[in-house]
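The following pair of complexes shares a single chain, subunit A, combined with subunit B in the former and subunit C in the latter.
Right, the complex of A and B next:
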């Protein structure tokens, strides 16, 4: 009996709260807020907040064309793979003191899982057989490599700060990081973590492929690149993945730097997490989107390996000396 | 219920794909002005898509020259159903001042069923938004008739 209850509880985690349903609703809402905010910053009225939901359901009702040159199975499987990976990450990220799958995964697993959506979109693009997707594919790979270095440095800086406080050297467990922040207050209040937090804020738009770093999906230039041949429900799932990725990365930021704000009541915590995510998205995605123009791919690479990596490295060095 | 949801969403999220079929660039600029902060067609859910596979509404400008005709037809056939075809400006509708020219194959309605014509040389942004909103309504009806 208890086994069945336990299984049902985990099924609930996967399907409802930090899993699919929450990801779908919160991610889409976050995407809508982002679009509305960008519109407001450009002095436009902007689309309704529910616009991403309309887009998704419309795409579900469209014809899905598989090009004759495409590799059918990987073409149709790629979007689902990316979405599944993102939902799995969401299960491992603690909501303040609550973690759906406690002690099963640490930062390193999340780092690997974060690569899967990018790889799935590369796989789908490559399978579509479009030359535009070919161009987008190489750009997407460079973008991943660019973002990876600062992200790893940020995670190391956090791991070192928490680890040296706990006396374990490096602490890669997200639940331990959350616990540490419950006791000692948010990490963002420490001066040594400020540069890392700033770097992480700049990593988020690169990882999600939003505006100044969206060379891989440049719609005016290479016909949306990797997504050029996608239509209908498959495209809808990619759009959903993009929205969920915004949620995942902003809640990762919240888990790393803004922990310890929770109330202990799960519903309130989830609401607070969503509000924090909306705030993080507003600063790191909407604001950056509204004030910049698209970069070239080599500029993205240079930007991430210098301007973003340096503060992250500074944080790591400060953390190493125990500041 | 799900079908109703999809139908409602289709009318609220029409994505545009723009084809220049030998236009003088006047209408193309007017179409872009529709998406600027002053007119902001995005408040009705309109978005310029980069690929015909993502589009719901195809906006054709220009008198459809002989060179562009096969490309226009091929691009339109790449747009997934349900789709709407909107002609913008007088050129694709009647040929305008280019009517009778040796290089013009138009009007477009000779080759594909056109849903909405927005006349004018170039049409005002208000007229374009009106035409596109009408196209979105037709799109919703087309989705309702599917399956």
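Right, the complex of A and C next:
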């Protein structure tokens, strides 16, 4: 009996919170808030906050066309795999003191799990056979390479800071990082972590592929690149994945730097997490979106490996010397 | 009955495992005219070798024995060992198992893969000679026999590189390999001779007893010679250009052996001399040497691979890049590091074998490995595509495949080493390892797009899936990739940790052959705990549940239309969008895929382009320069 209850509890985690339902609602809302904010910053009226939901359901009602030249199975499976992989990552990220799946993955694993949605969109695009997808694929991969270095440095800096405080030397476990922040307060209050947090804020738009780092999708040049041949429900799932990715990365930021703010009551914590994510999105995605123009791909690479990596490296060096 | 029991005692299995391969080779040379006889002989000998190595798991790994085996009677004259010896500890057996497994799968693949070539008899003769050489080298207990086996395997590998000598560049590649490979063998021979002059023995156990107490200029020089000599066999920097040429020309089944097994025998040689013979791994400088060469290999070769547009040359550079991971982890000289390095060695054999076989399948069906001429094969060769993707995701370190499991350990090992030693340099190694991994992914995205996805060129319309025998061989590797990725605890408990423990118990290694090991410098391996957690099976379970949920939701929604809706021929809405361009002009070649990345590093890439001139004189010069540097280094620090 207890086994069944346990199984149901975990199923609930996967399907409701922090799994699908939460990801769907929170991700789409974040996306809506982002669009509204950008519009406000640019003195436009902007779409209603619920617009992403309307878009999604409208897309699901449209005909889905698979090009004759495409490799059908990969083409149709890619969006589903990407979404599932993202939701699974969300299960490992602690909501303050609560972690749905405890002791299964650490930050290095999450770094690599984040590649799976990117790989699935790349595979889907490649399977369509479109030349625009080819260009988009190349740019998407370079964007991933660009973001990887600062992200790695940020994660190592956090691991070192928490590890030396806990006396184990280094610590990759997210729940240990959350626990450390419960006791010692948020990591962002440490001066050595400030540059890393700033770098991470700049990594988020790159990883989600939002403006000005959206060369891989650049509608006006390469017709949405990897998504050029997608339509209907499949496109809708990709749009949903994009929204969920915003949620995943901003809650990863919250887990790394803003831990220890929780109240211990799960519903309140979930709400608080969503508000924090909205704040992070507003700063790192909407603000950056509103004030910049799209970069070229080689500029993105240069930007991430210099401007963003340097503060992350600074943090790592500071953490290394115990500051 | 007693005689039979004696013959079947496991003490003899090491020599049987070597002997069956050589016997197979000689028998095929003598009686291999008939195709059926030849195939049966080859299969028999590789299967027998695999079985003998598997049977050794019980005594050597599970019971922890060290088999010291003397050919004929053991004779010690004046306290010095004379005679040919085999010595099998968990480390030797670990490499022997890797070799036997790769030899078996590649042999099965060869039967259909090589069926269109002439001179199949010569192929199997050389193939088994190569395999026997590798097997003999890792099981040998005697430095001179290691050299003999290295010679055998080098010459067999050179001949096999040029096997398809009508193909462009095959003879040239073999010539380069011959020149530099012979230099490497000569270094090993000279190093062996110098050690013999100093210690009057060639037995590895006795050398391990005597060398550390007799450190002088000659033994230090011998270290450099042996190190560089085995380095050429592992193709680590600066010998990586040879690997690219050799793999580009050799048949895929031989590439599996060269990349999966031959390079491992070089790593084995390096472990034997650094951990056992000279017992110098406790020195920070010696760790620096290995880690430095390893990190340079992994980074330089992955960037070289990004610039390639030939499927097999690209794989060759990745091969060395992954060997760099192994060498780096081995050089850390911690229990976690060595175990992680050996784990990666297993995984490298499996996924690189799989990828080479997939490249061979593509070559077999299309006749080319040029990324610019291929594309869209996923619809023609669906099984090969899936198998290739498993290999590609494994090498790129994507969970839950095996490459991730071992790289995860390597990141931890390097970072832990950095924290323990307080040396920030090891932190840089962690970062390089992480970045190399994503660059590896980039280059396999390129391959999968330009070979298996993307547009199908009209001349490849008639391509078919490869025969079942080749798919079966690839399937074995793919299955092992998944198993070793999903159950990392089994691999570390039963394979890599015993082997790593063997490397840290030099005294037992010496005493197993009856010498006095009390003076051996024991390096304390130390205990370790993982800094993070990774549960692949539970993760996969959760992912499957999530994927199932998404799929059900999608099917319940409008997704099922897709499977019902068949594409109507000629309906323009099912055509790809070309923006008004002709289709033939819109093909995206694999050549310059990651322009945005390469543009920023154009200085580095053009420097590398100038450096890798393809002239064998240059590469020979690099070998000499490398030797000079390592010798200088070892004279100063040892």
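As a working rule, the second predicted complex is superposed on the first by the 323 of 323 C-alpha atoms of A that agree within 3 Å, B and C clash if a C-alpha of one lies under 4 Å from a C-alpha of the other, contacts with A are read in each partner's own complex, and residues count from 1 in each chain.
Here is the rule we use: contacts are C-beta pairs under 8 Å (C-beta built on N, C-alpha and C of every residue); 3 or more make two chains touch, one makes a residue touch a chain.
Quick caveat, the model's predicted, so the values are computed rather than measured.
Using the contact criterion defined above for the overlaid structures, shared-chain residue A:148 touches subunit C, although it does not reach subunit B. In the superposed model, C is the one of subunit B and subunit C that contacts more residues of subunit A. Of the two partner chains placed by the overlay, only subunit B lies in contact with A:44; subunit C stays clear of it. Applying the stated contact rule after C-alpha superposition, one finds that A:232 touches each of subunit B and subunit C. After overlaying the two complexes on the shared chain, residue contacts for A:53 are found with subunit B alone; subunit C is out of touch.
By the touch criterion defined above, A:223 lies against subunit B and subunit C together after alignment on the C-alpha atoms of chain A.
Within the superposed three-chain model, A:61 lies in touch with subunit B and with subunit C [touch as defined at top].
Shared contact residues of subunit A with subunit B and subunit C: 60-65, 132, 223, 228-229, 232.
If you check the complex, the residues on subunit B that touch subunit A are 5-10, 12-13, 37, 40, 42-45, 48-51, 53-54, 56, 78, 80-82, 143, 146.
Subunit C makes touch with subunit A in their complex at residues 376, 378-379, 393, 396-399, 404, 408, 411-412, 415-416, 419-420, 424, 427, 430-431, 434-435, 437-439, 441-442, 445-446, 448-449, 453-456, 529, 531-535, 538-539, 542-543, 545-547, 549-551, 554, 557-559, 561-562, 565, 567, 569, 573-579, 581, 586-588, 593-597, 599-600. Against subunit C, the residues of subunit A that register as touching in their complex are 11, 14-15, 19-20, 60-69, 71, 74, 76, 80-81, 83-85, 87-88, 91, 101, 103-109, 111-113, 115-116, 119, 122-123, 126-132, 134-135, 137-139, 141-142, 144-145, 148-149, 152-153, 156, 159-160, 163-164, 168-173, 215, 223, 228-229, 232-234, 237, 296-298, 300-302, 305, 316-317, 320. The residues of subunit A lying in touch with subunit B in their complex are 35, 39, 42-48, 51, 53-58, 60-65, 132, 218-220, 222-224, 227-232, 235.
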